[in-house]
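Two complexes come next, and they have one chain in common, chain A, joined by chain B in the first and chain C in the second.
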Partner chain A sequence: MKNLLKISLLLMLVAGGILAGCGSKDDGGKTADGKTKITFWDENAGPQRTPIWEKLIADFEEANPDIDVDYVGLPKDSSKSKLDTAIAADDMPDVGSVQTSWLPEFSIREALLPLDDYLADSELNDLINEGAVTFNKDVVRDGKLYGIPYTQNLDVIWIRSDWFKEAGLEAPDTWDEFFTAVNEMTADGRYGYTIRGGAGGSFQLQRLMFAYSGLENYFDDNGKSTINDPKHVEFLEKYFDLYKKNTPKSDITNDYKEMIAGFDTGVVAMVHHNIGSYGEHSKAFEPDQFEAIPLPKTEDGRYVAEGGNTINMSIFKSTKNPDEAWKFVEFINSAESQSYWNEQVGQIPTNADVLDMDWIKDSAHIKTAFEVYDNPQTVLYKPPFYLPDYRSILDNTVDAGTQKVMSGESTVQEFLDEWAKAVEDSEAKYNDAMK
Partner chain B sequence: MSSKQLSGDVKVKRKFKIDNWIPYLFILPSFLIIATFLFYPIGTVFYYSFQHYDISAPFYNKFAGFENFVKIFTADKLFFPSLMTSLKWVVSQVGLQLIFGLLFAVMLNQTFKLRGFVRAIAFIPWAISGVLASVMWSLMYNEHMGVFNDILMKLGIISEPQAFLASTSSAFIAVVIAELWRGIPFFAITLLASLQSIPEELYEASDIDGANKWESFIHITLPHLKNTIVLTTLLRTVWEFNNVDLIFNLTGGGPANSTTTLTMYIANLAVNGSDFGYGSALTVISFLLLFVFAMVYLKITRYERED
Partner chain C sequence: MVNSRSRTNKILFFYLPLTLMFTWTIFPIYWTINTAFKHEGDIVKRPLEYFPTAPTVENFVVAWNNVGFATFFKNSLIVGISTVLVVIVLSTLSGYALSRYKFKGKRSFLLMLLATQFIPRAMLIIPLFIIFKSMGLISNPLSLIITYTAVEIPFTTILMSGFIGNIPRDLEEAAAVDGASKLQSLRLVMLPLLLPGIVATAVFTFIYTWNEFLLALMLTNQQSKFTLPVGLSFMMGEFNVNYGALAAGSVIALIPAVILFAYAQKHLVNGLGGAVKG
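Up next is the complex of A and B:
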């Protein structure tokens, strides 16, 4: 009997220890001193953006002493998969910084709280850029608003204006001028341009292709993809022809870091990225040495940009404190916070009250972006963000396909046909599942 | 038999039983931990390999039967090429690491000045983390500022800078060299330990019998090292097969999939594609491949059997 007792005691100890390790306390999101705690996940943490968030959170906590915001920074490359896992495990943050391209998927998975009513009752209602808000509603299946856009971005070409001046060249306005400029700028151990052949290159390639072709839709009426349109083939043949002739050899594995380093160390004259890399360039150059120009116009003189190039503040459905979460979302979207965030990062605010501020009027690259967005002829094409494997097609099929073309293993036509087939298959599968 | 005797017998029996259980109780905690963190995850991989399971698209999730496996062998354009790359990777890594590791071990087993210091230096690459090593190597291979280009240009071997990691013909070799640098110390350490256990008398005896250095290496050193070699090569094969850190950081499997090993392919599928069902099926295949390999390898090398 004694032994049995010993054994059961031991077993209880072991089991208790294990259970204690697994257990979690449900505190309803309160801290020890009675404050309401909300968790915020940043989808692009790093030395540049984390301090900005920390400052804004400190300001928010000062204005709202009863709310405690817990900042969690996720590195850009893995933030989507971390959020995916968190949603699957039903262990989501209260508030998150969410890219517009993720909204359709997250809303189908019922991870986000609709914010239409919150916005309607808020002072922000008429201030947030209407186009961006409408796009967010259009892009999801149920037409609801799942994120308040707090920043807008635009792809541009950064050029070395001092080199252009020396050579007596104008900044390119059309694609022909672009290819000529790349050629002219390649001299004296310098390259005219640099191609992003490595990670993330597919997203940029797509924006260049549509900027050249002027096509507005990703699929035609018969469900056929426009990716392998003859215009896109024509463009990529010219574009990849620049590789090695006018660009560094290592471009085939170029990712963001290397590409920007090539420009900022004076190896290349032009680089395609977005206005968000302003901070990096301004550290490397004097203001008169570099500038941002829009992606060249189509043959019929229109700018084309990708729709949904915004980042949003979203509230996750599992939150126990939606009102406190909304307060934080509202605070980040206030004129003051948006102005601070966007000025530091170098992107476009969406709050109308910020647009009159001095730093906006004084910064050339933001003006360039407005020039494109405000132009009534500008086309915003809509990528199929709703396809669950949209991103993995770009990351896996397109990035590898780009490298095959650059290394001469396949032709542009074969590459685009493969890409088009991948999105068509995905579209068919999606339509089938959604029937 | 009296009743007293009988009850005494029963008591002895029961006590005996409980004592039998006590040891199991002590190993229970470690068993539970291993079961939770090893057996359970392995089991789920097998389970998910028969499912369509994509966490970013729950509406596609359903039982798949053998569909994932059929797709691997019939429709997947990357499976066989990446398996071939894995094979090339493992054979070149394990083979070269063994040869160079043995060479280093024999050298470090000699007596010379500062031996302890040189031994410590030789093992440093093993102690450097994979990410740090890949940053170092990617800087050394860099087209614009890499030290390799500088040296080769100065020696007049190449006339213009090369992008070693950016060409489908040189990327694989470049990654192999980097990993080789990191892997040699493992063989050197284990073989050196084994070398030190060979009795000196054997060499003296063979010396008296008139054997030269090479003969005593073949007939004394190698047979003594056999078990260590079999075990280390087996371990290393499994590790190198599953190794992604250096490839992931140096080339990401590129350019144009020329450095995509099977494990790299699976990592990409899980990280970028979140297609865990298909990724699990590929993992099951590589698990079975390694399992069969280990069995066959131990059998044909007659591990731990005296001939």
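Up next is the complex of A and C:
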């Protein structure tokens, strides 16, 4: 018996020893062969994007043999909480791919390195889309630049162009045409449209509302929210009226996957998402069967897009090698890397030099997105990313409220009043705290 | 007459519910396997294909090689098996103490064991992270093994003390009369009788470590140290739901659990019965 105990104790010790051997040590950011090591966290890893990053990192390491980039991919749904933990525990990566909506919070928590000076001294200075850079500065409290946007996205409506052609209908340009088209495309067991009633629906709903109303600000000068503006009420009443009549009944729990599957399996004629789902549709359809159209114009003929629909390369403050980290940020934002990344993913680059490349001229959905961003009339409205509970209001209050309206438990007016009150309270709390 | 009625009854109250339940349970698994063997384009095609017309292992290759399931699988096995070993040794010993000895504060100790189960895991993440960071164990399987062991020990200890309580003391006394020491009687007399309980404990623990996602993600900062559930979550991006690879990954993740259950099934039912009686 003593032997058995001894053996099991020994085994545990040996196992512990082996495992502890692979523990990470604080090496000041150097690898064993003297290279500078920087870690990079990707906030939306997966079989599609990880290989793109791996290729770009390999190219970077070839161009900079003394720098070693350690890639860590994070699943999209958990990457924010992973970064939150890392910031709280002061164990951040050197460089991260950071969504614009996270910038205000991360800057208040002093997690990021201001990049204004780096950008000013860089060749990139005049190349990166000015609107996006300005927005990044506007959105944080101290007005500094905490991330260089390397990709932009835009909400569009994907339509089945083949069905539209069959029905002799033009792609809708105004909201009236949109509602007519939804109605006309609902036939023969098909639905004209699909509503995202489940997780993530709130973000899309908000973009539709502002696209309809053309309002630029989330709050008026008195701190009152524009969410329950009569225009928004009017829009949502028409919009939710489509439910069950022109959309599948299951829409009330639709999240991204179900919604896109509805479109890609030929159940619905139109779906509101962004250009990022191009890859999914192109797997299901021939090129002439589908296309992206901008969200319909407002009554006075202007496009509206949500500001800050970008992802940035940011450097974390705790980095021991800021210059090497900046080299990597600069490399990813070079015309060549941005072009590669955005072409693979199917999004809009921010580097002006990419805009003339052939693949952009050849891809209709990217061109459509450009037309919207390029149009001087286009309104970029500003969501309050700086409110700490902005996201949780949308996730909890608004997603749940959407389902209540869809199930008939509450009216659009009640829903928007509740939403407006939640953001107004949050705004007041924020202003108090920041005084 | 009587015979035919009892046959109808049997069909109505036995076979029919059983068939329904079986279909209900098996369908998602069948659909996952079906999807895993389809080409990407066929997955969302209408009309639906109930069997892949042109089966392919491409999805498995993608999951295994491109997404890194080979590494995730190995990491999960290391963490799972190590945790199971540690949990079995510790919970057998502490379960024995709880069921065989009387000591002061035994009831409150049991209560405390239960109470540890009520702490939301998400609340522990940052403290755990800081502790493991100062120990240099971030991105080290040992941090997961320690945490999982700590999480599982209270439940498995209570489970084991139930099993041990079921074994008559007389057996140990007889062994003692024959000159066996405490440890000898534990090893030679108790262990063989406890096998169903140990198997049940091992299966519970293994399944927990196999499926645990949150801690596995939070305590690991290196791509090569992630476990299977983290790997599976890579397949579910907003813009890139890779159904084929996701299904293939799920099938890969399913295999050890299915083998384990197939092997342990008999013990498991016995084991649970024992625990309830205890």
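In the analysis below, the second predicted complex is superposed on the first by the 411 of 435 C-alpha atoms of A that agree within 3 Å, B and C clash if a C-alpha of one lies under 4 Å from a C-alpha of the other, contacts with A are read in each partner's own complex, and residues count from 1 in each chain.
By definition in this document, a residue touches a chain if its C-beta (ideal position, glycine included) is under 8 Å from a C-beta of that chain, and two chains touch if they have at least 3 such contacts.
Please read these numbers as outputs of a predicted model, since none were measured by experiment.
Of the two partner chains placed by superposition, chain B and chain C are both touched by A:T85. Residue contacts after overlaying the shared chain place A:E280 against chain C, while chain B stays out of touching range.
Judged by the touch definition given at the top, the superposed model places A:P248 against chain B, while chain C stays out of reach. Of the two partner chains placed around the shared chain by superposition, neither chain B nor chain C is touched by A:A32. Within the superposed three-chain model, A:P75 lies in touch with chain C and out of touch with chain B [touch as defined at top]. Once the two complexes are laid over each other on the shared chain, residue contacts for A:A199 go to chain B alone; chain C is not touched. Here chain B and chain C are compared by how many residues of chain A each touches, and C touches more. Once the two complexes are laid over each other on the shared chain, residue contacts for A:Q48 go to chain C alone; chain B is not touched.
Counting contacts by the rule stated earlier, residues 4, 11, 78, 81, 85, 88, 265 of chain A appear in both its interface with chain B and its interface with chain C. Within the complex formed with chain A, the residues of chain B that make contact are 15, 18-19, 21-22, 25, 28-29, 32, 54-60, 142-144, 161-163, 165-168, 251-257, 268-269, 271-275. Chain A contributes residues 1-2, 4-5, 8, 11-12, 15-16, 19-20, 22-26, 39, 44-51, 70-78, 81-82, 85-86, 88-89, 91, 93, 200, 256-257, 260-261, 264-266, 276-277, 279-280, 283-284, 345 to its touches with chain C in the complex. Residue ranges on chain C touching chain A, taken from their complex, read 40-41, 44-46, 62, 66-67, 82, 85-86, 89, 125-126, 129-130, 133, 135-142, 145, 181, 183-184, 186-187, 213-214, 217-218, 221-223, 230, 233-242, 245. Here chain A touches chain B in the complex through residues 3-4, 7, 10-11, 14, 17-18, 78, 81, 84-85, 87-88, 105, 108-109, 197-199, 248-253, 262, 265, 267, 388-389, 391-392, 395-396, 399-400, 403-404, 406-407, 409, 429, 433-434, going by the rule given at the top.
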